[in-house]
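Okay, so chain A shows up in both of these, paired with chain B first and chain C after.
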Partner chain A sequence: MVDFFERLGALTLSVLARLGLATLFFGAVFARMAQGAKRGALLVREIHFAGVRSLAIILVSGLFVGMVLAVQGYEVLQRFGSADALGSLVALSLVRELGPVVAALLFAGRAGSAVTAEIGLMRATEQLAAMDMMAVDPISRVIVPRFMAALVSLPILAVIFSSAGVIGAYLVGVELIGIDAGAFWSQMRASVDFRLDVLNGLFKALVFGVAVGLISVFEGYHAAPTAEGVSSATTRTVVISSLSVLTLDFILTVLMFRGLN
Partner chain B sequence: MSHPVDAPLIELKNVRFGYGERVVLDGLDLTVPRGQILAVMGGSGNGKTSLLGLLGGRNIAWSGSVRVEGQDVGGLDGSSLYALRRRMGMLFQFGALFTDLSVFDNIAFPYREQTNLPETVIRDLVLMKLEAVGLRGAAASMPSQLSGGMARRVALARAIALDPMLMLYDEPFTGLDPISAGIIGRLIRRLNDAFGMTSLIVTHDVNETLRIADRIVLVSDGRIVRDITPQEVRASDDLFIRQFADGLPDGPVPFHYPAPAYAQQLLGGAVGGGGAHG
Partner chain C sequence: MNRSKTNVAVGAFVALGIVALAFMALKVGNLVSFDSAEGYRLEARFDNIGGLRVRAPVKSAGVVVGRVEDIRLDRDTYEAVAQLRIRPEYRFSADTIGAIVTSGLLGEQYLSLDAGGDSLYLKDGERIIKTQSAIVLEKLIGQFLYNKAAESSGDKK
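For the complex of A and B:
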């Protein structure tokens, strides 16, 4: 029994210590954002690695999610004779929820894990220490550009995901099932509100970008300098990012959409 | 600089340092005059690398003072510490080259970060440093294409890019074949003398050290136990010095990590190797 409480206490202390470490680290990252933003070439490079190279998986996933939504949505809607509303169902699901959330989950798996592994290996091979000894701050040189790349890329990827989804739904709903194209598009235009749906969706993606970006760079920067340390840091990035995205999505959805109807 | 030229470049007084509860350096005193190559030797885990950390300001002493060029390294704020580090070079154990940059860009890195020199000047400087380590022909290679010895030489060229007054070497010979180790050793000596630097080498390699160092200190139990010249090492019949110089497994430094009596542990069936859990 004493053993149990001892372990519980040790676990609580280690979680608190890690949270404290993370808070200090996030403070250091935010304090250097202005310096990091001046390194335009580095930022462009990181956006290329994190954002542009995620395009394929985002486009293909978006397309398939849209096609599945169209099939499932049509099944339900046509029971109530409102198959014409497919366009608005698909667009709202994508723009409000699936676009930001699924793009963020894919981004954490594709780019976040890569960032963690890269920074973790830079640490293990003393590249960060070497930089520090050359009087170059590793946080502004290595961490900030990668964090900002996530911040910039994820909202754009979410928009691309939603667009690909709408195209997928169009292909299945209109071209395959035979819903009227005019109804599909006009229903969509009538129901999607720019501020309420599109901007809120973009804001969600931005928040997810902050979360996934911070978690990826933090886990990499504090990875144990061993093969095992880097591998478990990479796993933690994907797990913690995914859970954070889903939790944040719930909180944001409640704040944004509760009591609207 | 207000620091007099004839004063020692490095002065450590009664330094205590460790990690968590483990004390690594305990009452260490060390003075290094300008221009000297000092080798710090001692068994693994004896705080030699921590010493480099203290000099570079990456570790902060628990007590005592660490002075480089008269400045208290532990007491410097961020920008003063970076100003001091710009005058120091450090060669890491495995080079620590930036794996995403070519050899050329690795050496250009300190110039691009710390100076406003035009690219044409940087190009010439980089080629000069590469020439100094004999690798001008490898400028376009990526670090992953280099052998261990070549990577170490590129890292050395990068470390001396800004013509430091003090060079710190962390195990510069580890993992190198004898020829590469010899090349690195000769480079260390030549660069030190040509550029008027002071060098501190943490190493296990007795042969290379005896060849290039002006002075050797042996560290044991967190303090300096011998302070001698290479000639004295060769001539000495001190058991401790002989154990190091000849690589004898047992002597004043025991082969066995402290453990309970062997027979007792085998018969007693304890698994964990004794110590705290025994």
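For the complex of A and C:
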């Protein structure tokens, strides 16, 4: 029994210590945001690495998610004789939820894990310590550009994901199944509000960008400097990012869209 | 990859994002269709608004002429008060009839305005006096059943 309490206590303390470490780290990152923002070339390189290189997976996934939504949505809607509403169903689910969330999950797997591994290896090979020795602040030189790249890239990727999804739904719904194109677009336009739906979706993506960015740089920066440590840090990045994206999405959805319709 | 190629790729990436956002605004969303800040306000009172919601369209002859801006309950008369925002280019006569209608059998509810023949026009902040409440399907069925029952009991006597 005492053994159980001992383990529970140790677990609680280690979780709290980790949270405290993370909070201090986040504070340090935010404090150096302005300094890091001045390094434009570094930021561009990181956006290229995190954002541009994720474009293919985002485009293809968006297209297929839209196509699947169209097929499944059509199956249900045509039972009620309202297959024309397919456009608004697809667009609303993509813009409000699937665009930001799926883009963030893919981003965490594609770019977040890579950032963690990169920074973790820098730590393991003592590059970060070497920078410190040369009076180069590793946080503003290495961490902040990667964090800001996530912040900038994810909203762009989410919008691109949603657009690709709408185009996929158009291809399947209108070209393949044969829903009237006019009804598809006009129903969509009647139900999607730019400010309430599109901009709220973008804001969600921005919040997810902050979360995924912070988690991936934190896990890399505080990875144990061994091969095993880097590998477990990479895993943790994907797991914690995905969980926090889904949790944040629920909270944001309740705040944004409850009582809207 | 050298730096200028990276810059070009990132620039194209950001441009693609802007194109996607424009696509969202113009093709998917309704940014240009109606800005709710302009136009004049009208008020309409109903005994029952049914499923009418804020942001529901206001249509005349099927054309969207405005939106429902706010819905509240009058504390004294227990009537539902709907605030409408009508586009400035449309004017409605003082004897306009406002009715809550459903588009299709299961579609969304909207407010329909049928213009009358009065030469006076409704001005900002005025009230549409003639209104027709939403048809509540349950009430209609209940009334029908009640009438049927009354009929059949009348037949027996």
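Quick note on the criterion: the second predicted complex is superposed on the first by the 261 of 261 C-alpha atoms of A that agree within 3 Å, B and C clash if a C-alpha of one lies under 4 Å from a C-alpha of the other, contacts with A are read in each partner's own complex, and residues count from 1 in each chain.
Going forward, a residue touches a chain if its C-beta (ideal position, glycine included) is under 8 Å from a C-beta of that chain, and two chains touch if they have at least 3 such contacts.
Note that this is a predicted model, so its numbers are computed, not measured.
Student: Any idea whether chain B or chain C touches more of chain A?
Tutor: Of the two chains, more chain A residues are contacted by C.
Student: Look at A:82 in the shared chain and tell me whether it touches chain B only, chain C only, both, or neither; answer first, second, both or neither.
Tutor: second
Student: Taking the superposition as given, does A:52 touch the first partner, chain B, the second, chain C, both, or neither?
Tutor: Second partner only.
Student: After superposition on the shared chain, which partner residues are touched by A:130: those of chain B (first), chain C (second), both, or neither?
Tutor: first
Student: Would you sort A:194 into first (chain B), second (chain C), both or neither based on which partner it touches?
Tutor: A:194 sits against chain C, while chain B stays out of touch.
Student: Considering the complex alone, what residue numbers of chain A touch chain C?
Tutor: 41, 44-45, 47-48, 51-52, 55, 80, 82, 91, 95, 153, 155-157, 159-160, 162-163, 166, 185, 188-190, 192-195, 197-198, 202, 261
Student: Once bound in the complex, which stretches of chain C touch chain A?
Tutor: 1, 3, 6-7, 9-10, 12-14, 16-17, 20-21, 23-25, 27-31, 33, 53, 55, 57, 104, 106-107
Student: Which positions of chain B touch chain A when the two form their complex?
Tutor: Chain B reaches chain A through residues 56, 58, 82-83, 85-86, 88, 90, 92-94, 96-99, 109-110, 113-114, 155.
Student: So in the complex, the part of chain A that touches chain B is made up of which residues?
Tutor: Residues in contact with chain B: 121-122, 125-127, 129-137, 141.
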